[in-house]
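Shown next, in structure tokens, is the structure this report addresses.
Which chain is which? They are A, B, C and D, in the order written, and residues in each are numbered from 1.
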């Protein structure tokens, strides 16, 4: 090859670079290691994340990341080279596998959320939220955003970061200290003719199911769009979807995506038909090939950065395709009946534990709920649980100073009765 | 139509890479769904089952998920296995997409990411129970800082574009702290679409800067347009022509003299790793694409990871939380008043970070440098062999990729798009089509270091055969591909009346 | 030739299952090998490296492995990935091989077999460190005894034929203990080839027994041939026609009256599990094929597992070691003076046993029975739909499979072999061809319970379409397949001058 | 479907069975479990096999089952549906993938062993040994077999079981108490004109490398065939192959096949060209398709049971195809250079540990060797090691009463220096 190119050594290929840009020493990174050493290293790191960090070890953490059983088929399928090592399906004739799966993903997300259109995925829910807000700005021509404090605190932090520098003032409205639902009065007092979007989450960060219909009426009465966020997709198996929302921004981590210390997950934006040209991210559409066979391809690319550049609906390019495929396989495995039964199990487990504890809010919940830790601090309860080899719940004071001595607990189909009983004992 | 199907074998004998074989058909999940079928089994419920309507209230209780699929476990595995066989993939052959760095994805990285203690680590687990995960992130930050020659790294961004956004927000926060965020971002006309889109999202106006006749940033032009309104310039280096920006140091100086920052799009770091460090030639902030340079699999479009590396001056503004050492433990630091805030929940695409670190460990410092030179060698070998048949867009030496134009073929009525489709009949995934925009009818080819001479020779032979076909029988090329189960797809109709979901008919 | 290639699409429109698509070519590893290439990396050696010649002695030290492959990691994954795409598989579609029970192989079983503590358990680890593995084996023995209605089970045999051999050795040891091992084994002419081959290996002569006009064991004939020279009869039930041996109890009685034992080939237990137990109808010894009835994957020909289940009288002779309970621990019992001895090193194909137990746990008792009825339902549905077009070999009711003959098609010059090849063009793996031997030109079809009506209807439609093709255009059928990357393979030449390894040319 | 068949319920499908053969009660097996419960169960069983049973946990057991690192590519490839869920490749046109891989397997086994022909696999080495002996009987028309006591004890047990009932008298000959090599005198005294095969193993059960050339001369001088057995395939990376053997019967477990409590493994029989028609098991051969393309298919089926029935060379049908594929991938990954380097690492580790201990035999060894445990019993040494979390070696008295207070130790590339040092301490 050197001869063909007409050089005597590979270094000649950088001889044209100005000397001052060249690195004249070896990188300060150890020599290459073998597979055996590498897996040894990561095995040891994994062992350091002792408690909680295996399916068998009990944990009651949720708060946006849920421990659900991962059907074996999911990794079986996403490990196939044809899915794992292929690029974005720009060349439709040799990417029909990925394109068909995304089309099914979009469809199932629509069926789950009650929306008409869903994109091929966003990075995660936290980035889907500001993208949904900006989408609402484009649709309404307004610039203010109102977000409920019941929206995941970290999603709101990301919203603020995105908003700060793009001329999109964000206000927050509160929740009822009694029910855990949004404070409707506060919303009504803050919504104005400049409000582009009202953003709330259901089930919200406290696990409480919001009254989407009512919020939609308020938003629409003021010419704003309602953006509904979800972080626990399994809830949609038995909880009425946000049909009255204009835009839904959600997280599909619950669908066979490992907690993996916070990512990669799969966010999604879904919306009503009429907003399709303002939706960010990739979309797969149905068409035909020149023999008349049904075929799929990426479509409405004129929304995207590679065509529209600064006028694009978003700068997103790489998304979470393979993770969305995990969710697609998961939805297929459970299906209509299974997702419902799964949700009922989650609800039943949460009800069992909640029944033994002192609930902080009266609003209806799915698989997460807030409890007050009584005389003990949340930290104390958690350390007592840790001593039993159990990872407890999230100390809410971290995000809500007003919620001292409270904790957010989550139960899924993986939560075992005896562990829940042990939790109850520590609280008792 | 069916009978007139041309197979490349029939068209000419120069197809050495593929033959045609049966491929299973498969309907959509919704079409194979039948009521009552299930593919799951749940554990025995060890607590009393509750009635949703009673617990949630009738208004909140969902009755059914309308027309959601109902299939068996066998249906599921066959469905997706059949679908998968309709895809091309790196594991099947060369994937020369320019700018995408489609290199081999080592499988050991997949095993590392699936280690239980990492895959099941919850982001809200107390720090003292997450030391292993935090150590992995700290180690990767260190390696990336060393590779880029920068002072600090954040791993929070989920992809390259997300990293760009983060980087430009850092620029803005920094300038704001200086008293004036400024108004615009300079973007070369050769830049990737995410660059201008990012600048816009960060509230800046975009000023496109024309490249010079060598496709590089023109320092003259730059001197003309740079001023106190300019926040930063986003430069890709090597640029999207695969050419190293020879005056990059001057570019940095010109910008810095006017108080502007230099942002580098690091998508092409596969050309520099171990050889040249952006931090050493004046870059203030840059992003990396771990799903390119560091081999994490593209997975049909994602996930990725877009760490951002910065110089000291920008460190105070990095997203929170930041890793910090407290005694012999890692801790998450949230108390950073100057931070731009979060750009993503939790800490980033951790599973992707594990893969990238495994890749770095496998290569080691010397191995990374060797890989870079192999990438350069492969790109230049292909360029040399193709030059007699295709018009090279710009004459300057290529780094990790080479860009041709379809000028000669266009004269015979065949454009880069059709050449790409015809390449499919020859058994290869096409190169990147029509990018960068400054080249008319671009053919952008990046082999990466993991391609063998054998595979590249087959690729070049195919490109040459197509060039000949275009001279003898351009019509054949125009309507390719012929050998795929799906022939030329009608993208126009798809966009005219979009059908983006299945509906019960 | 190439241009005249017929694609089933062109031949007729009734192919609904497949289209043709590109398929990557690939040379042999030895042909893509190039000196110095490597695909591995070993750990840093943490002890002094030694010189082999010095340690082993020059005579023992090997200089090189002549012409062994030298390829990169990418070469390896592409090589085998490309090869894999040339195969048909259950995960791609129905695999109706009669007698082979090609049912879906649940993937959870693969995960179970890969649990570190099981996959890395060494057979010579002390018993107290192997309780988990031993518990798994004990549990499986218990389940298989319950399913077969027998008293004891050995898991040592590695496959069905190995189980047969073990079973016949047990018979021999038992009879020898009675004072006379006897001379021969009766084998129905419908039996699988392994039966006579096994009898021969165990030092017995084989007497073939003609089936009656219903393809069953003829009690009259049996009464005529049975005598004190007969050690045992090997009966497959349901037999290889998929028909239940209605007089099996009488057969047992006739044999027992003459002091002979009844061996049952349990390859077809997929028709009986949960419905009927060999132990209850007089069987003394039998084998099971876990890779059939209990869904462990065939893996292109193996591995399997062939446990042998026996009545009390044979238990003392079972291979050693045997599991026994000592207090709250499992232990291996070696002190068994009457044992035939070992038939395999260690304890059997443990990894396959794990998969089989996982399968049994997933189904549970009721699920196993349901699966059996579904298998019967599917076989009878196919039989019913095909009967108008193909000659059913014997009229008796089918259990889990049905056997047709090519009588009608033969009249038009097309035999079962060509019909099978043509079926490939229609997107299916063929049925079992020309077995059992008592049927002229047999088409032996076993769908198993895991096939959906949709898939079976496509199969039957294909079989009907082929029957029609044979009437209209038999020549086309004779030279199938046309749509595969490899057309009809010349097996005659392969056998005439065998080339069974690659050689440097 | 019931209607098509013309029945009203599935039970009708068994109504023709005599009542006395029907099971009139449900099976006494618990109801079906979920994936989650099943993996929980096997995870717990795996945890009970505490020590040794993970790659990370040290063990010095070998004796026919070796702990070698398993490259990730191996499971990646054998997990592909197209290999995992396909049947024996009787239909060559849609099984070229499996057939090609087997042809490569046969070739690499020949290259490794120095033989001309290798079959597509046997169950394991223990069953390959008697099959090789019976093959020798067919070739020579003789019936006696002489097996060295240095052959793996369990292989010999299987040989005796097979031989006992098929008129094949098996005698054993001893080993030198000093070198650990075969006792040549004993062999010469026992070999007769009725001897069909002389069987020895190299490296033998004590890890000692036999003098194959010398044994071949003795066997051939007496008109017998020499059958050479191997259990540690990695040794062939640096140990001269048994080129003078007539038949080789080996075990490929070392090639990426997990110990898995003793199976499934992959045995193989290889031989000289002239014996090809007597070899048992499947063979893949090269041929062409009717378009003239190279193709592969199963061949010489006239040796096999489905054609020849009682006259077949063996009753073997199902073999160990997928396991042989594991070995094929392993050989491809390491290749010419890697297999040698791997063997050198094994040798170096074994030499390191052996150097610190008291070796029982003087013969040259590869990665296994016998040491005397001195005053302590082998059992005592092992329990002291177990206390340190290390699984020790095999107590040889179990198989060789004359070898009291000796132990067979094995070191591979996975053996770590500090563990070896701990072993040395316990012996000291």
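In this section, a contact is a pair of C-beta atoms (placed from the backbone, for glycine too) under 8 Å apart; a residue touches a chain by one contact, two chains touch by 3 or more.
Computed from a predicted structure; not experimentally measured.
Peer 1: Based on the averaged CA atom positions, which chain is farthest from subunit D?
Peer 2: A
Peer 1: So which has more C-beta pairs touching, B-D or C-D?
Peer 2: Answer to which pair has more contacts is C-D.
Peer 1: Using the average of all C-alpha atoms in each chain as its centre, how far is it in Å between subunit B and subunit D?
Peer 2: Computed value for the inter-centroid distance: 46 Å.
Peer 1: Could you put a whole-Å number on the gap between the CA centroids of subunit A and subunit D?
Peer 2: Roughly 49 Å, centre to centre.
Peer 1: Using Cα averages as centroids, what's the distance between subunit C and subunit D in whole Å?
Peer 2: Using C-alpha averages as centres, the distance is 21 Å.
Peer 1: Which subunit A residues reach two or more other chains?
Peer 2: In subunit A, residues 32-37, 39, 43, 55, 71-73, 76, 79-81, 94, 293, 413 touch at least two other chains, as defined above.
Peer 1: Indicate the residues of subunit B shared as contacts by at least two other chains.
Peer 2: 2, 5, 19, 22, 41-43, 73, 77, 81, 85-86, 91-92, 104, 106-108, 110-111, 362, 424, 484-485
Peer 1: Provide the residue numbers of subunit D that touch subunit A in the complex, in ascending order.
Peer 2: Going through subunit D, the ones touching subunit A are 34-36, 39-40, 43, 55-56, 69, 71-72, 76, 79-80, 413-414.
Peer 1: Which positions of subunit C touch subunit B when the two form their complex?
Peer 2: 2-3, 5, 7, 9-10, 16-25, 32, 41, 72-75, 77-78, 81-82, 85-86, 91-93, 104, 106-107, 362, 424-425, 427, 450-452, 454, 483-485
Peer 1: Can you list the subunit A residues touching subunit C in their complex?
Peer 2: Residue list for subunit A touching subunit C: 32-37, 72-73, 76, 81, 94, 293.
Peer 1: Touching subunit D in the complex: which residues of subunit B?
Peer 2: That would be residues 19, 22, 41-44, 77, 81, 106-108, 110-111 of subunit B.
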